[in-house]
């Protein structure tokens, strides 16, 4: 997806570069640790790219600015971290309801409340089940390294326009603050025609357009909800995941994002000891890679779900496996910095060795 | 729980009466259909009860006023409907993180976005999984009729103080707008000592107190999260549900709130035809009455989950039954007004007759 | 003589127009439209008092009223604003 | 002679106090505290110039400085504010 | 005992008031009852309706798609709800405003009541809703007419207490019209 | 090839810069590398640290609880990280600020380097971090010292380009100190 | 003698009945907006941002490209629109609950940044759509469903004068208050609206017009009495006029 | 001749090191607040509301009952506290990012309702805690991490003058701007703070003091230079003084 020069950059910067490469032309930010690199980078980069950077008065405003830019069919993004993302929920629900494309980044930090500024996966439910009101879904992409942060950000814009739907990028403080070499490319040329059949440009030479989520006439909201549900169902094809050493594994550890890569170290170590353990790392959290999990279950494998929270994705794992297998769970509480050592014991235990 | 006079009142009013009876002394509101009766009622009732009514500048502010009053150990409430409740998520997460008691009412309307003002159960995920950031849980009570709206509101205050945690009341536009006879009682005398070991009163004659959710020192947030998780686990004992004609049922329909009662009409009708169908109506949505469902599954019953949304509570049903039984699902899309006729066919189909 | 034409089905009978007509020629008609509103009219014979000032139309929240002003050829309807010329219908 | 006492471990060496002392008697000491900050002092022998005006203490963001003012018995420290009487420590 | 009814008409016809009245009367008799109005943005359109369900058992759904009772006080209400009425159901039609030819007469029990005329004849056009409810109570046999009359005090504000006798008369007049 | 290291010291000692330098050097050699600082509110306290992981395989965890390399530039860093160092690991201790008696010497390979003295002797106390990284590269054998020197241009801003030779010298001096 | 049309429905105004109550000012303001768009030839270049309130159906009546904003957030949405399409004409249409209560932060910052957008602010001293609750603009003593004994200065504060506050912000190019109760005021209103649009078109900054408007339904008044209330109760507290106009230097410091 | 203490740590101020950077004004303002609480004998009757910013740890330094508010919402939280315990003394302590940006709606409405609370507003023209981003109060031309070439009036607007805006609201009893750069200003600041507290105690309304303060770290200046910037750059744009005082009638209309 990306060629050209290799930069040594933070995950936050990788997201920003990815957005630039995807043709993002409007960025709306508000300061919050641990994602400040994104707005800071964008405040320089957007004007250079002929776009706009606005430091919004709040996350509420930033999300609504995103809604406005999205309505114009212009590629746009906002980023924040947990408390700030809570404030964006109403606007995200409106964007989903109005079928507007846009990218929202959450560099998850510890919660609830003010919590801390360290890494956490405590916002899985909010991201995947929808923290806003009503029946809606956002695609959720969970990069595990800086290159993926870049690549998936590019992808996020494409998916947002493909489904005219908000897309969430769910990272954490580790991904945001970690530096890795990342191959970055030149900005793509965004198709001028993108969004041509719905975007607002002024009603010159065509009937005027309305982008809204209000449906008061009897039955019209129901129809809309059925249409949306079909759209969410159609996203199933976008499923992405990584399988590592699962082929002959007795135990598959399911973990996403930064925790996925930390678990990978554990898997490598235990493999050296000859233990048959593998890693299944969902990259799309919505749609969830259930079918792939089912396949693994059908092969008779056992499962351990590991999260940096008190138990959230485990529900999607169990819902995927329902009836075929169960998954053990190990929750590493937000507030501690996760290292491979923290997961080794639980994995051994689940292996029964 | 309530004795004394019988009033013919809306569900919204029943909630307000219940709050009064529970000793609520502060109410923070903001207009939104279909719950306006609550703030309107409270604007008259609170001053009479020696309490305070504030029409906040927004739902964000209302929720934060609730946080402030809760910090003082004063029984307090806010109410809203879907888009407004999305705006309260940050504050709810802070309240949970700071372990503050308070009651939040959501008279669910159609979504996503502005949606409509009709009934919906589209906010199940938001309410039960937590729309705010971080690992936290709120007790969620789902009344199915006006008397329950009154009784559960009273209960909500007790639970909020028992667990020093926010408690959600999840109704819908039907419950809010429907009138039924309700037995209401006199306000209870709130125990002066309630919250005595944490509430803020000015640090007279004791060390000063801090109510916060920030935990920056290494490991302290993790410890806090483990403590909270244990608390949420301890709520399990509060489980409530209604079983109707489930004893000899082949098929158990699982439905909550207004949909639960509408399904009851269907069950009655089909029973008259001799069909063995029952209703299981969860009254607490968190904690979810999983054990009771498991018991039913162990008796070999089949299940159909019916919701006024595109499929949310079904996940909790499946998670409860996992491995024992599956549940069919019928989602009635928000935007249509549900009547027994809408559910009869799906129930018959699930019955296989 | 200038004149006004009411789009009866749009009138909601709010009576705001009756208050601003300098000639006081608009009043309730006793008629009800399909929306269920009692609507206004210029009482028979009073139309010739109409100056075409458009006050009634300007205050009408429902754009019920179209105003035709009789002008000497070439005279603009409002200073600086050219009026659209239409077939002369009436007197 | 009035005098000032520095709580050395609290000083962050911001030097704000050095700017407001009317006598200019506060300066960097060359010493470093355990927090790693270079701290200030009143150079040896200069303390007797101290008027006890408390300017240094008032501008200090870290409440490092306690000011003792020598007064005639009964004379309030600041007009209207009774000072707390303490044992006389120093000349 | 089970009875439901949809009461529908123009906004100003007092539809919600008689829905409440019926509900109070049921409640005063110790019956279970639910009442639900159509509210909100739809209200502004000028039509209003509400549904009342009365039963000696616990009431399931307060919303009824196929009612067994209907009071249609204007034409749009008839258009909207008549077809939904269950076979054998009771319908009260305001023949002052609705062409009697539009009303079904065989599938259901239809009562044509010139509500506006009756109210006007009593000197107060606003009594039209009382006429309607009187007719319905009589026609459906849901409860004795006096029960409803007795409950008038619960829906008429103390300020208008003096109007109760006149309302009672209108209820009686409606009942009489339904009796034939 | 696998190497990880925690680099820790006072805020002003340039700890993050040499973490970056090491990472760039690894990257320039075509290796995989991760770098993660401790950031945020903790930063203000005055101590800073970062972790660098270098490998020819894909890197799993960028966070290391039990490293195989440690550069301790001040006392608190030694206190915090020494015990975590894996048996046989390499530790570089700034003996200018840390009492050599505090450093373990048998379980791990410890190198005492008087970083401040060396930097001061070169006429620029701020070179202390370069001395440290030089010593670590030499002691760990993670890569040739020249590789790191070559990467200096990537972490020193063009404005300070003229300082590169001096920095290179300091790296060499550190390496020399580690060579013994 | 020929006949000319002295008044007709402006073209951007849809030829359909509105859902507004009889006598509601929203209809008048809609007409003024439509006329001004037409007069300035902006219709095909406009992106409107509708807000939540009785005027949520703006897009059913004014036929321009429109996006619906969440309650109170229209100025943020408009910022997003304008930044995305700087060459389009962008306006919001907001009620007093929307703009002065929940949307206070957004309107203040949009104005302060000097976004090149125009705001049509309809102040009817009440929450219309939700059934007549107190608004920040509700007059002292005015009864609403949430201040049933009348707004009390002591616990609910004074009505907020938005035009003056907006005028005090750096990015505002034009801020004015007008009324829709008399022909004279309507003529002034139209001029003010045009100016608020012009400052945007000319890139001078943020334009703001507050319309003193009626809500006969929730005021529980006849349309005529409601209209009178504007002069009798509202204007004395909410004075009419331009509070800032960079083109004349008024209010510029 | 005896010796008296002319200055010592006020008792409500914890005897511990702060996490603030050298020369940061927060320490000075903390001391003033603690002294004023002590002078007015309010310590044991106080409930403080801390906000999110560098001063989030207020409760570690000022030893009174305290609740932590979400970012920007301290005035709403304080409203809840005061309504729940009308007889307690309630104050918030907020930074400029907190109060003037995300919390704009809450501060405006809290003031307008005339909540009997006092607000300590520390304006250092920057987001301190998050590492130096632009605030609504950032001066034109000032460089920050999100306006790297200096705040630009044209696209980011003018610095917002909160004390003046707050003074214009009906419920405000006292609104003032002070500075912490000189002894004279510190004495004025203390008087202002006392007044802002007194109007609450006397039930007169909302009290507000804006402190012009430094953030040497994010301004990338020495403490001394930062302190000088207050007089040289801040005061010319943010004038000192009382903008409203109901006890003297100033600013009351």
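The chains carry the letters A, B, C, D, E, F, G and H, assigned in the order they are written, with residues numbered from 1 in each.
As a working rule, a residue touches a chain if its C-beta (ideal position, glycine included) is under 8 Å from a C-beta of that chain, and two chains touch if they have at least 3 such contacts.
If you're wondering where the values come from, they're calculated on a predicted model, not measured in any experiment.
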Required minimum of steps from subunit F to subunit G, each step between chains that touch: 2
Longest centre-to-centre distance from subunit G, chain (CA-based): F
Pair exhibiting more inter-chain C-beta contacts, A-H or A-F: A-F
Chain at maximum distance from subunit A, centres defined as averaged CA atoms: C
Whole-Å gap between the CA centroids of subunit B and subunit H: 39
Intercentroid distance (Cα basis), subunit H paired with subunit G, Å: 34
Separation of mean Cα positions, subunit F and subunit D [Å, integer]: 42
Chain centre separation in whole Å, for subunit H relative to subunit C (CA means): 60
Multi-partner residues of subunit C (each touching 2 or more other chains): 35
Sites on subunit A at which at least two other chains make contact: 33, 57-58, 60, 83, 90, 94, 98, 113-114, 117, 212-214, 216
Sequence positions of subunit E contacting 2 or more other chains: 41
Contacting residues of subunit A [partner subunit G, same complex]: 25-26, 28, 52, 54, 56-58, 60-62, 64-72, 74, 76, 90-91, 94, 98, 200-205, 208-214
Partner subunit A, residues of subunit B touching it in the complex: 60, 82-83, 85-87, 89-90, 93-98, 108, 110-118, 120, 122-123, 125-126, 129-136, 212-216, 218-226, 228-229, 309-312, 315, 318-319, 322-323, 326, 331, 333-337
Of subunit C, residues touching subunit G in the complex: 2, 9-10, 12-16, 19-20, 35, 37, 52-55, 57-63, 65-73, 77-78, 83-90
Subunit A-facing residues of subunit H, complex: 52, 56, 68, 70-72, 97, 101-102, 104, 127, 129-131, 133-134, 136, 145-148, 156
Touch list for subunit H against partner subunit G, complex: 101-105, 108-109, 112-114, 136, 153-161, 164-165, 168-171
